[in-house]
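Got some structures for you, see below.
Shared between the two complexes below is subunit A, which pairs with subunit B and subunit C, respectively.
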Partner chain A sequence: MTWSDIDAVVIGKAPDFFEGVMMPELFLADALGATGKPMFRVHTAGSVGGSTAIVASQLIQAGLHERVLTVAFEKQSESEAMWALSLPIPFTPPLHAGAGGYFAPHIRSYIRRSKAPDHVGMLVALKDRQNGIKNPYAHLHEHDISFDSIKESMMLWDPIRYAETCPSSDGACALVLGSEKVADDAMAEGRQPAWIQGTAMRSEPTLSAERDTVLPLGGALCAADVYKQAGITNPRKDVDAVEMYVPFSWFEPMWLENLGFAEPGEGWKMTEAGATAMDGDLPVNMSGGVLCTNPIGASGMLRFGEIAMQVRGTAGEHQVDGVRRGVGHAYGGGSQFFAMWVVGSEKP
Partner chain B sequence: MPPEISLPASLQDVEQVRSVRTPARLDYEFTAGEASSRFLKGITQKKIIGQRATPESRVYVPPRGADPELGATTPIEVEVAQVGTVTSFCMVNVAFYGSVMELPYTSALILLDGADLSIMHLIQEIPADEVRIGMRVEAVWRDDADIEPTLESIKWFRPNGEPDDPNVRIPGEDHGTGLGSWVGGVAPTEALIRNPRTGEGGQA
Partner chain C sequence: MRDIAIISFAQTPAQRAVKEQNEVEMLMPAIHGALGQVDMTIDDIGFTCSGSTDYLAGVGFSFVSTLDGVGPWPPIQESHVEMDGAWALYEAWVKLQLGELDTALVYSYAKSSPGDLPMVLTRQLDPITVAPLWPDTVSLAALQARALLDSGRYTEEHFAEVAARSRKSALDNPNAQLAWDRPASDVLAEEYHVAPLRKSDCAPITDGAACIILAAGDVARSKVERPAWIRGIDHRVEPIHLGLRDLTVSESTRIAAEKAGVADGAVDVAEIHAPFSHQELILRDAIGLGEDVDVNPSGGALSGNPMMTAGLIRVGEVANRISNGTANRGVAHATSGPCLQQNLVTVLEGEN
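After this line comes the complex of A and B, so read on.
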């Protein structure tokens, strides 16, 4: 495949003020091979990597293009995300302390509601960091990580410890999405495609009094929609592996419940029992996930791309055997933007 | 061939510069808008005045002029209490570029009596590790001479001595036991959501 095979480019990243470069897609057009081609930018905060891939897939689904390049990136070494997410709001006390400060109360609410023991968050961090060691593209390769080193790490935003927090990463992800014909041709040449069996996005207002910040309705409806498209009736049984957006360890059990893999208040039991480990019945974040690599704008697309690699059987050392169908998930903003896709090894 | 460049001896052992911080500054006028202005005028009289769309709908504090559930403006003003309940909180131990707070500090989501949305504010006059969900707190205002049209005119909240509210819920939390999650393996659907305009739908 060469540049000339690409019909259009869809790009996504977190808000421009992170790096301080306005509309960077315009500067990047040449480097992305987009000169003279349709180019489109997607904005949905932290979920943007997922939304961007979905927008690209829809351009093909609509019959506009055969092959679309979709790219997402962030360069946190040239940005100040903690500052950017703590901008003083006029007439309001300057209490905001980044994403951790925003999400810590949600996590505390989850712990209270589910009565989950304190060690669950640390178990998630340990699992994801150990998985990340197997992924050559992960930002963190913490060979010496242990339960005790996580436990002893500094409490940054109580109840979130340093070692339960995602890093600030530079990174990018690119996918080429193709039409049914493109995928059939790949099959004929012996290259396994990841068939997109469903895509869904949902959003909800951040400051609505009716909103449950722990188990957001938008997230659950997004999952219900994408499963319906893919013919999934029992998510725990019908899905072989998941790459979900877990920037702080406790979001694994929270999203397990929000996405229908566990009953409300029960998600942490799956984590504790090892169900989400590489050898569990529902491996989660085999790549090491956001906890190992967080180039914010790319993080959602990395989830989508990693699960595609799993169903293609090309995930290398962090490949799980026999993944026929997997879920990629991204969320963003104040837990108010959601994007998901289901990919499978079999043509729908 | 380009000329060979070598550092003078005095610079040879100096650590390389890998990044340079170049702060940018942008000064601007911020107009509060009508809804916030009405709220902030109340603050100058040491009153916390929420807004709602209809006599039955949710009370928003601080108001932003619209009820996102109804998609309607919030013309009705309602004074809410200056006491409330901590629905959740975070003890912040991390410094970052631009932060002005002394560490550690506890920021809490406080549901004022009579309001339907928690505000984020500072908790003081109690050791940070004794703050808890359900704790009852009251507003502590600046001296009268220092009151300005900003929520910062409330210095912080402190325990008001009442017993904890063990049943405190975050607004919308009931979604977590039926709507925003899967119960008995049943997927949530749009039909489960109550339509606030018509009152139709939703769980019994």
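After this line comes the complex of A and C, so read on.
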């Protein structure tokens, strides 16, 4: 394909303050081949990479366009992400010292409720960092990582250690989405498309007495919606692999429960038993995930794109065999914005 | 395409500075005004979409706080664009096209008063070659106005007529910030602000918010007597670099107007998002509006220009005129970026 094949461009990123350019899609429009075309800018906090891809897919689903280029990026080296995420907002409690400071109490609550042993978070970090070594696009390639090196790393926000935290990355991701006809043509040429079998988004307030930030209702409703569209009745059985947004190690067991892969309080047992490893029955974050690469605005789209690669069989060294249906997941804000899609090798 | 209509529109009065309220508080009357007019609550809304920018709020993720304006509990289907609310309306229209949901709430807001708006907007420009020069919005628009004068198509008298007519129309708009009745010759008597533009050729700096409710087919008909149906909607972008564009025309508006089907019928009314008087002239030509069209009966952006919202207000103003029967078919336009870089056009129509 060339630029002339693209009908519209949908771009997403997290706060413009990270790079210091206001509404940068205006400045990027020409470089993204959007001249004379529709260009659309999405911003839904950390879930934005996922929701950008969903908004792009809906342009095709609605019959408006045949081929849409969707892009997400963040260049965090331009600023200091931890403090950029800790802006004091008048009349709002100052809960932040970076995202880790915000999420650590949620994790402590999870550990208390589930009685998960201390080492589960470290097991997630070890798995994801080892998966990342297989991914040439990962930011971190920690060849010497070990359980002990994680355990000995500095405690940043108890119980989150330095080695259980995502890096601050520069990066971008782009997907070309096509209509049924475009995908059929690709199929005829021997290029397996990843068929989008369902998309869903949910939002809830930052501060609300009804919220459960360990098992957010918005995340569960988002998963139920997207599974229904894709005909998934038993997620653990019907889904072959998952790319989920795990910026701090403990979010793997938490999201396994929120997305219906385990009962509440049981997710950590899947991690501990190795079910989420590359050779487990539900591999999670084969790419190394957010723990290896976190250009915030792109991180959600990377999850969506990586699971599409698994379905297409193009994931290279971190490919898992036989992924016929996979889930891409992103979340943002204070565990309050959710975006998911299900992609599969079969046309829905 | 599925028939989608605007069934409710509410805006806050355009003000130079809303000092007593934060963004959420300023926004609440618009959201709940729009819901109240059609006897709905957030529980009746299928999809919510908003438009705003962190650079005016001065806070990253500022839209997260303003989502409290709708009270998103239980969790809702929702999205946000870092664009004028007219583009949030576009996303909501696309979402309703999918056929699963029947209603959508669209809102947008901005407070420009805490900062120096023309300077803040320089941060939109190419960060390597242009932004370091801090060229302010008015100066860039003045370059465009000069190019338009040099083309020989329009004169400063034409600019002054747009400025005077807009403020006179605004006398009938209770939400307008600037409204007066003086002849164009008075405008021409003003000193230049940034030549060839005078103060009256420029939009005021405004704080404000607006909200629109969309509904599909029979749901729209059950809620209001005369829904304003969206017959076409399209948006296009151009390069940001002024040197890559002919500033005296608006090619992106022309394409969007064509795709939206402006020429498919007679146009009674048009609300054009032109923050500078000469831009109305460029846009009228690009959209292809005849002399008989009632342009900016609200007073337009020259009478109140809340950033991220003035485009959505244009859509709402046309919808109001269709719903109250004073117009049958109208065009609304929204713009973004320096010198009309990005433009959206929609055609609204009543049902006879």
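The working rule: the second predicted complex is superposed on the first by the 341 of 348 C-alpha atoms of A that agree within 3 Å, B and C clash if a C-alpha of one lies under 4 Å from a C-alpha of the other, contacts with A are read in each partner's own complex, and residues count from 1 in each chain.
Keep this in mind: contacts are C-beta pairs under 8 Å (C-beta built on N, C-alpha and C of every residue); 3 or more make two chains touch, one makes a residue touch a chain.
Note that the structure is a prediction, hence the values are computed from the model and not measured.
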A:Met82 in the overlay: touching subunit B, subunit C, both, or neither? Say first, second, both or neither.
first
Tell me which partner A:Gly20 touches in the superposition: subunit B (first), subunit C (second), both or neither.
both
Touching A:Met39, do we find subunit B (first), subunit C (second), both, or neither?
second
Per the contact definition in the header, classify A:Gly101: touching subunit B only (first), subunit C only (second), both, or neither.
first
Classify the contacts of A:Ala29 with the two partner chains as first (subunit B alone), second (subunit C alone), both, or neither.
second
After lining up the shared chain so the two structures overlap, which partner does A:Gln61 touch, if you call subunit B first and subunit C second: first, second, both or neither?
second
Let me test your reading of the model: by the given contact rule, A:Ser51 touches which partner, first (subunit B), second (subunit C), both or neither?
second
Partner chain(s) touched by A:Glu210 [first = subunit B, second = subunit C, both, neither]:
both
With the touch criterion stated at the top, can you tell me which subunit A residues are shared between the subunit B interface and the subunit C interface?
20, 90-92, 205, 208, 210-211, 216-217, 221
Residues of subunit A that touch subunit B when the two form their complex:
20, 77-78, 80, 82-83, 86, 88, 90-98, 100-101, 104-106, 108-109, 112-113, 154-158, 205, 207-217, 219-221, 223-224, 227-228, 234-235, 257-258, 260, 263-264
Which subunit B residues qualify as touching subunit A in the complex?
19, 24, 30, 32, 36, 40, 58-60, 62, 64, 68-69, 87-94, 96-101, 105, 107-109, 116-117, 120-122, 133, 149-152, 154, 170-177, 179-185, 187-190, 193, 196
Report the residues of subunit A in contact with subunit C in the complex, numbered from low to high.
14-23, 25-27, 29-30, 34-45, 51, 55, 58-59, 61-64, 84-85, 87, 89-92, 200-206, 208, 210-211, 216-218, 221-222, 333, 336
Quick one: which bits of subunit C touch subunit A in the complex? Just the residue numbers, please.
1, 22, 48, 53-55, 59-61, 63-65, 67-68, 71-83, 87, 90-91, 94-95, 97-98, 120-121, 123-127, 131, 234-241, 244, 251-252, 255, 336-338, 341-342
